[in-house]
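What follows are several structures.
Here subunit A shows up in two complexes: once beside subunit B, once beside subunit C.
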Partner chain A sequence: MDAQAMHIANGIVNGPVSAIFVVVAVAVLAVCVVKARADLDDRLAPMAGLVAAFIFAVQMLNFQVLPGVSGHLLGGTLAVILVGPWVGALCVSTVLIVQCLLFADGGLTAIGLNITNMALLGTAAGYLLVAGLLRVLPKNPGGLGVTAFIASVVSVVVASQGFVLEYALGGTTQLSLPWISGTMAGTHVLIGIGEGLIAATTVATVARVRPDLVYALRRFRKPVVLEEAAA
Partner chain B sequence: MTRKFGWFLAGGLLVALLLAGVVSNFASSSPDGLDATAREGCTFDANGEITGGTCIAQREQAHQMADSPLADYGIRGIHNSALSTGLAGVAGVLITFGIGAGGFWLVRRREQKAA
Partner chain C sequence: MGAGHAHPLYLDRAGRVHRLAAEVKIVAVLLFTIVVVLTPPTSFWAFLGYFVLLAAVSVAAAIPPLWLLKRATIELPFVLLAVALPFLGHGERVDWLGMSLSIEGLHGAWNIFAKGTLGVLASLMLAATTTMRDLILGLDRLRVPSVFTQIATFMLRYIDVLADDARRMRIARLSRGYDPRFLWQVKAFAVGVGSLFLRSYERGERVYLAMVSRGYTGRLPHVARDRAPAGQWAVSAALPIVSAGIAIAAAVLA
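Entry: the complex of A and B
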């Protein structure tokens, strides 16, 4: 049977640094919950549940990127485009917590590290790219697909460097940091391309079927002045 | 929730169930980018235990939830690997949807100005 371990396991980064990142993750996720409330209406709530379930499913689909090396989608960019940055970070975190507690994937001690890299750094990078690119690219399924592709590649590489930072702070072994950084960046560019293709297909499909459900098309177009006024 | 939106959710969930329940059996079983980097420099025996060398994963410890009935994306007790992976995937999609949709529903913004 394939024993797929896809996230940081226990014992790779020492206890104190792992604990610090648990605190970081909890603090940022608390901010996300507060910010997400403004976005979460009766429609976005079940939509976000679907996005989390979809990311869980696609994370199971490891694709080959090099001989003996595979990769899988992380999902931050996809989530940002469909449900926005705050809810998106919570979606990816939900997936990581379910995987850790029920599927024994990603160490319990390492949960803060994994959330920081994939749910926080990956989603933040994806959000910045998506917000920037949608200022210049057309807001249609094609433009959204290109945006998703580029943002995914960058987001996955940024997430991979999050691990390098954590390892630099508290790695339990002393391997060359430039080597780790380079190896992680190299494989994750390839993984990012795979993720980009999946994310682009997904968001372009949703944009074609139900453009009204795509957060990036609704919210990134103009500031929501009405909501600010009502609050 | 409108009926049309209900159909969209049902359709999306069906796609996720098919991906996790069926397509997952065609996934690559090679270690992913992180795991491959972590293992580089060490040698492994048939069970995946480190036998020598120096690598990031050298001090890796067992998972606290290794005894979970769904550990490693399989259902304990089901020996048909395709069935085990597929059912674990289906369970994961439903559980993630339940926790996600339920959690987001609880913290959602209530419709203001009811009066």
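Entry: the complex of A and C
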């Protein structure tokens, strides 16, 4: 009983609501494309590709939580920390589109719903938490790991509740909403913990070895002043 | 690596559908899926018609039916949801084999099952007949913003890089006599994930710089033809047009 065992399929949520969310997804992604253009330089372009590939690989891991209930990692928080919110949302959406077209995972008409949940809601929640937590936590690999863990758990649960909202608006069948909401949240807390551990170790390793690659730490970096120029 | 980056669902055949341009197939599948989703669940004949239509396409594409059925099991979690519905649904109920089933739930279950299956089959056929490179070129020709196609291109290149690096690291670990497989050895796995990422990034960075130094500007070069000929559009338009015809016929006859 889980819509993210694979992504939402065709026919789970009715046509009009699916169409509305396609419009929402396209509008927000258009903003992301404009904002991402400023971010995407020689260093970020390969990083964005690798993050997408990593998310793609990680989404293949399906957690069996109960019989018939499974879910998978989303990867939004990892993307936010390494490539920033705009490129991050685009990375997750690209993964979703390719999975939908090449792996028949997620319905073609539900693409707006899937992008809204996993690429937009999940990434936005992850970004807000990362930005907030990094103000208080230490800006070292350990602090970044803790941030990644907390932000992952919350963003995954937020993304799963996106499905509950869509289902409430246009579900084609009648199941009680509190029940769906509870099942989804329960499953996804477990998924979030798994996701948080993977995101935390990855991000902490990258921050330790190549801190210049971590987007979330860019703001806190001291500007480099060449000594000759200063002299 | 040189084999056109085939993906696990690609079926290397010389079918007629394989030769169509990717953008043509994407549009046809998208329109077909929209028609299917818009069909009211009670027009059973329409769904039968769609199924026959897809079967005809699979014959033209030289995809064995068994291959399709095996891959379609990806849909199983949703089928399980559908099976639960008649028991959980509200409203009027019927008795069948001693079980009390909700009519509304039965319709809901049929709706999810039929539309989900048709969508999965259509997507599988697209995947089976299109390589990753063609798909990205197709999306590019459909005017998808280049940021997307750029990320997707790198993603597909780096999946191979990731898999190769993971394999090398595993062999290196095994050849040093260490094979972590229990929960208390999870640290080895976690550290492995982190360094896998870094190693792949550095390898990927070199791939990117090599591409840039060979004139890569953010788009893959268009090799053979630039746009799909009108004939291909006409052929593949048959799928959405016939399905729309079936939908209308079912609505009129009902």
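By definition in this document, the second predicted complex is superposed on the first by the 205 of 231 C-alpha atoms of A that agree within 3 Å, B and C clash if a C-alpha of one lies under 4 Å from a C-alpha of the other, contacts with A are read in each partner's own complex, and residues count from 1 in each chain.
FYI, a contact is a pair of C-beta atoms (placed from the backbone, for glycine too) under 8 Å apart; a residue touches a chain by one contact, two chains touch by 3 or more.
What you see is a predicted model, and the numbers here were worked out from it, not measured in a lab.
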### Query
Put the two structures on top of each other at subunit A: do subunit B and subunit C fit, or clash?
clash
#### Entry: Partner chain in contact with A:Ile198 - subunit B first, subunit C second, else both or neither
second
### Message
One more residue to check, A:Gly15. First (subunit B), second (subunit C), both or neither?
### Response
second
### Message
If we overlay the two complexes on their shared chain A, which of subunit B and subunit C does A:Ala168 touch? Say first, second, both or neither.
### Response
neither
### Task
Determine, under the contact definition given at the top, whether A:Leu102 touches first (subunit B), second (subunit C), both, or neither.
both
### Query
So, A:Ile180: does it touch subunit B (first), subunit C (second), both, or neither?
first
### Query
subunit B or subunit C: which reaches more residues on subunit A?
B
### Task
Applying the touch criterion given at the start, work out whether A:Val31 contacts subunit B, subunit C, both or neither, answering first, second, both or neither.
neither
### Task
Considering only the touch criterion stated at the top, classify A:Pro46 as touching first (subunit B), second (subunit C), both, or neither.
both
### Message
Can you check which stretch of subunit C gets into subunit B in the overlay, out of 44-52, 134-142 or 152-160?
### Response
152-160
### Query
Residue overlap on subunit A between the subunit B contact set and the subunit C contact set?
1-2, 5-6, 9-12, 33, 36-37, 40, 42, 45-50, 52-54, 56-57, 68, 70, 87, 90-91, 94-95, 98, 100-105, 107-109, 172-173, 175, 209-210, 213
### Summary
Touching subunit A in the complex, subunit B uses residues 1, 5, 8-9, 12-13, 15-17, 19-20, 23-24, 26-38, 40-41, 48, 54-66, 68, 70-74, 81, 84-85, 88-89, 92-105, 107-109, 111-112
### Sites on subunit C touched by subunit A in the complex
7-9, 26, 29-30, 33-34, 36-38, 41, 71-72, 74-75, 77-78, 80-81, 84-85, 88-90, 104-105, 108-109, 111-112, 114-116, 118-120, 122-124, 126-127, 130, 132, 135, 139, 145, 147-148, 150-159, 161-163, 190-191, 193-195, 197-198, 200-201, 204-205, 207-208, 212
#### Entry: subunit A residues within the subunit C interface of the complex
1-2, 5-6, 9-12, 15, 18, 33, 36-37, 40, 42, 45-50, 52-54, 56-57, 68, 70, 87, 90-91, 93-95, 97-98, 100-105, 107-109, 172-175, 197-198, 201-202, 204-206, 209-210, 213
### Message
If we count contacts the way the header does, which residues on subunit A are in touch with subunit B in the complex?
### Response
1-12, 33, 36-58, 60-66, 68-72, 87, 90-91, 94-95, 98-105, 107-109, 160, 163, 167, 171-173, 175, 180, 183-184, 187-188, 190-191, 209-210, 213, 230
